[in-house]
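In the two complexes below, chain A is the common chain; its partner is chain B in one and chain C in the other.
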Partner chain A sequence: MNKNENKRYERLSAKSKGQLIIESENVLQEMQQKFENTIPGMEYFYDVAKQYAGGQLKNPERKKYIATNCIQVPIELIYAANALPIRICSGAYSMSQAGAGLLPAKSCSLVNATLGTIYTNSFPLAQKPLTIITPTTCDQKKKLSEIPSGIDIPFYTLEMPPSKDSEEAQEYWYRSVKKLKGELERITGNRITRSKLKKAIIKVAQAQRAFRHFHQLRKEEAVIRGTDAILIANTFFYDNIDTWTSHLVSLNAELEMRKSRDHNGSESRYPRILLTGSPSIFPNLKLPIMIEKMGGSIVADEFCSSNRLLYDTVAVDEWNMYDMVPALSDRYLKACTCPCFTPNNDRERKILAYIKDFKVDGVVYQSFSGCQLYELESLRISAVLEKENVPMLYVETDYSPDDKGQLATRTEAFIESIKNNL
Partner chain B sequence: MDYFTGIDIGSTAIKIAIIDEDRKLVAWKVAPTGSKFNENARDAYNALIQEHNIRLPEVQHIVSTGYGRRLYKSADDTVSEITANAIGASTVSHEHSIRTIINIGGQDSKIIKINAQGFVQNFIMNDKCAAGTGRFLEMASRNLEVDIDQMGEQHKRSLNRSLTVNSTCAVFAETEIISLLADGNKKEDIIAGIHTSIARRIARLAGRTTIQDDVLFDGGTAHNSGLIEALEEEFMRDFIVPELPQITTAVGAAYMAMDLFLKKNLHQTVS
Partner chain C sequence: MVFQILAFLLLIYGGYLSIHIGTSIPTFACPYNQECPGTCYLISVQHQAHNTWASLFGFRGKAFLISLLSFVLLFIVINKAWCGYVCPLGTIQDWITKLRNRMGISFSRYDDLSFKRLKAIKYVLLVLLLFIPLGMSNSIFGLPLFSHDLGAPFCQICPGRVITPLFIGDTSQLFIDFTNTTTMIMSSLGIIVLAMFLIGSFFKKRFFCFFCPMSALHYLFSRFSMLRLIKNGDNCTKCGNCYRVCDVGIKAIAEDIEHSYMVKDDCMMCFKCIEACPENDCLKVSFLTMPVFKSTEEGFFSRNLHLNSEMQKPSKTIIEDE
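The block that comes next holds the complex of A and B.
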């Protein structure tokens, strides 16, 4: 970069970071102020989200960190290599604007925003990540590393099979995970030992247990706003995992108490909504906030960012390396319901199970413009739901705020129609 | 006499409908939306009730709907235009049992599926794009210097020599229209092509669902006989067009105003 280019770059970077902070604070304010009855235990999660947007995540032990571009990265391996996994899939409109200039016009907001974050160096921590791991789930993400943008952080492509049921696919993925283990050891300079990996698996399992409990608590009554629940799942990748887990455990205790206290059986019935499709990632909570403002209650979401926490815990028979790595890779592959897989009947089954378990009245399906996989799968899901007589609202949107008026009409009408048919 | 008002503040026009306690439509008005939603709606409303000698206190309940529904300060309740459209459609035509509504307004096009009670079962809306909406027609009428009310008449003159307007973007369609003009094509054939292009977009939107008869077509664009013809051709079925297609949603809102008022009063008597 010459001097002028450099100046322009610095300007873009500073501007985008500033906008990210404002954007995030506005969303948090909306979440905390517009809705009554906020839960004290949420404070921590709001704080972490704020630090994330401000590039001020704490790293007291000064650990090396690895950026992950998708939930399919086995973070246990990163912990075992004594490093921090930080997810950089971005939900920021400001970042999508910064990244859009580097990518083709029809790219999805999430991909634009993720590249924007990397390009403008707007990472949630003060220092840069050692590497950026990109699983080959979505076509747009996997090509990010090839975009000529002058980014000096190395990308690592984590190869994934296009299917998950065949033996070949499972073998392929297992070898990918094994290769990642070696790569992580090389770049961090730390060996992944048996005991370290065991500790990491247990640590992640604890976080999962807390989240599963949280998930269960939401089944019977809407003890917490769905928007808050989405934020909680988002922050999983941001803070120290033990701190996150302990705060979720105490939030769960708080919710248990509210459950018995607030339940009087006479509360008016809010339509119970399941949200699915392209994931809402903070600060892009446009659609979930809209649904809840219009009187819907998001009782569950089938987003990769949340479901990742509900996968079966790693099933290990013997705590040796030969057993742990296959168990780890198995769990990541089999439980994933990303539309990048063909066939993907698991996602259909999961959505139907949610509808039954959470007594869902209607499904809102979000597709980011340009996210072909979720768009394509919406056709099948909508046919399945029509057969089951569950109303579905399909929404194509992106990170920009300009369709809020249209979205308001759509979500309001959808909720009115459910209410009328209840 | 008790009256009930529905005000539909759309992107292009404000539509007002007043019904009496026998659910009869007694007054209605269409006025341009302009930039001051609240003031323009208020002025139009005041003028309307004066014209019909209705006193303000006789109006028991007002429901606002449409894009600007929340900006209308004097409304007692608001409802989305989709729900109001459904209620309106099922009441304006008694001899048919409407199951599908196709509404093409100023900035939205919608396909709404309803049940026998007039409740919305499902709906689809265009995404943020003006190509299949009334705006597209307005833009074309400006380019072609044909009054928007004359577009249906022009369409008829085309006698199936309709040209193809392919652009899926309203802005690009504008350049396409200009180049069709430059090539010496007749205005009526271009207009027929525009209607077909809109109809095709709506049909594609409808592809996400199964259309059930009877189908009602409303919104301001349903005044355009050329567009009706093009839509019927694309959907390969006949549409029912109400006498006052632009105010269906406002009428629906007025019906809802009455129901809400009655419900509230019933509630008060009980308690």
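The block that comes next holds the complex of A and C.
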């Protein structure tokens, strides 16, 4: 970079960071104020989201950290290597603008924003990550590491199979994960021992257990707004895992109480909505906020960034490395419903199961413009839902606020039509 | 676990207590062990098959039918849980597995193709085991009668014949019988199978069970049993936990979401899969129609990861620091 370019870069970086803070605060305010009856236990999660936006996440032990680009990265290995996994898939409009210049015009907002974050150095922590792990889930993410942008942080491409059911695919993935383990040891300089990995698996299992409890609580009635639920899951990567877990446990306790309290009387019935498709990641909560403002109640979502994030478990038969690593790999592959896999009928099975368990009245399907995989799968999902007589609203959107008006009209009409049929 | 050990003690040492429990005990309650309280059904069936056709359909046939009936009755009640909880050979294999686990040595699994091919062996053994004794008294397809030294042919190669007496300190079965060629071949085969049993089950969990003719015989009656392993495919996420812990390596337990009766021919009804399933009500064992044990989310976390219900701290330290 020459001097001029350098200056321009500095300006872009500073501007994007500033906008990210404003944008995030607006969303948080909207979440906290536009709806009455906030749950006290949510304070913590709002707080973490704010720190994230300001690039001030806490890392008191000054641990090394690894940026992950997708939930397919086995974080247990990162914990076991004594480092922190921080997910950097971004939901920020400001960042998507910063990244858009570097990528082809039709790239999806999420990928633009993630590249923008890396490029403008807007990581949620003050230091830079040791490496950025990118699973080969979608073509655009996969290619991020090859975009000429002068980024000096090394990328690590975590190879994923295109299918998950075949023996070959599973074998491929085991080897990929095993290789990652070695790489992480090299990058962090810490050996991943049997007992460290076991501890990490249990630590994550504790979070999973709280998360599953939270998930169950939402089945019976809408004890919490779906937007809040999405935010809770989003913050998982932004604080010490034990702290996060303990806050979720106390929130669960609060929700248990609300459940029994609210149960007597007032049968005001809101249309129960299931959200699925391209993931809403803070601060891009445009669509969920819109749905709930229009009187819909998001009772569940099938997003990799929220409900799917911590659901699947690890079952180890023999607590030795040779069984722990494949067991860990299984958690990220076998039950995963990412559209990058073909065939992926598990996704429609899951959506149908959610519709039954969460008593869903209608499905909203979000596709980011340019996100081919979710666009493609929407065809199959909408056919399945039609057969089941469940109404579905297909929304193609991106991170820009421009389509808010049009979104409002469409979601309102959709929710009204469900209401009329309740 | 405890039950398994009790059953092992009973079937190996029961004779000391003058316990006698009949001749139709499924397997490997091996009478070659002098203190065994009963007789493996496989030895009875082989003896009974050693009859001429005429008598098989006459009086002897009745004896055959009666013992078959009592064998079947046992299975109607406990199904293949015999294998998971009672069979001494199964228990011995589990001990060998434990030893390997302690030593930190990895186990192996068959790939899908080998699994499919090898599983047929137990049926072949079952057929031979009935066919050879029959052939000692009847000419089958015009073949000459088989040598009488082939009596109870499966027992001659069954590892149970050599191993179970060892537990009462009897090494008399550990030899090669040089009487004639047939006995020599059969007894050497026996020793070879024993070696395979020991080595195989060290590297592969329940190695022998996969080839066990008893398992094949059980399976014929399994459908009619009162004890059933049931799956509700709607609740299954195909996470594969159940397959991961399955000692015989039955993939269908995770991948089959259509059928509800889940006792496959290799299954030994150990119910480890139920313990490892994190979905409420997805896998269960039921007796008649009453559920006895079900998979639950809570149960998954407490059993597999020792997380108890109130706190988020592990209730038991299962992490030994290195």
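One rule holds for everything that comes next: the second predicted complex is superposed on the first by the 415 of 422 C-alpha atoms of A that agree within 3 Å, B and C clash if a C-alpha of one lies under 4 Å from a C-alpha of the other, contacts with A are read in each partner's own complex, and residues count from 1 in each chain.
Heads up, the rule we're going with is that contacts are C-beta pairs under 8 Å (C-beta built on N, C-alpha and C of every residue); 3 or more make two chains touch, one makes a residue touch a chain.
Predicted model only: the values in this text are computed from it and were never measured.
On the superposed chain A, the positions of chain B and chain C stay apart, so the two partners fit side by side. By the touch criterion stated above, A:Tyr394 is placed in contact with chain B alone, chain C being left untouched. Once the two complexes are overlaid on the shared chain, A:Ala327 sits against chain C while remaining clear of chain B.
Looking at the superposed arrangement, the partner reaching more residues of chain A, out of chain B and chain C, is C. Chain centres taken from Cα atoms put the angle at chain A, between chain B and chain C, at 120 degrees to the nearest 10. When both complexes are overlaid on chain A, the residue A:Thr409 reaches chain B alone and has no touch with chain C. Once chain A of one complex is fitted onto chain A of the other, the partner contacts of A:Thr245 are limited to chain C, with no touch recorded for chain B.
By the touch criterion defined above, A:Gly295 reaches neither chain B nor chain C. Of the two partner chains, neither chain B nor chain C is touched by A:Gly54.
Fitting both structures onto chain A leaves chain B and chain C with a minimum C-alpha separation of 28 Å.
Touching chain A in their complex are the following residues of chain B: 67, 79-83, 108, 115, 117, 119-125, 127-128, 208.
Taken together, the chain A residues at the contact with chain B in this complex read 369, 379, 382, 391-392, 394, 396-397, 402-403, 405-406, 409-410, 412-414, 416-417, 420-421. Contact residues of chain C toward chain A in the complex are 101, 104, 106-107, 111-112, 234-235, 237-242, 244-245, 254-255, 257, 272, 276, 278, 297, 300-301, 304-305, 307, 312, 314, 318-322. Here chain A touches chain C in the complex through residues 165, 167, 193-195, 198-199, 201-202, 205-206, 209-210, 212, 216, 245-246, 249, 312-313, 315-320, 322-323, 326-327, 330-331, 334-335, 346, 349-350, 353, going by the rule given at the top.
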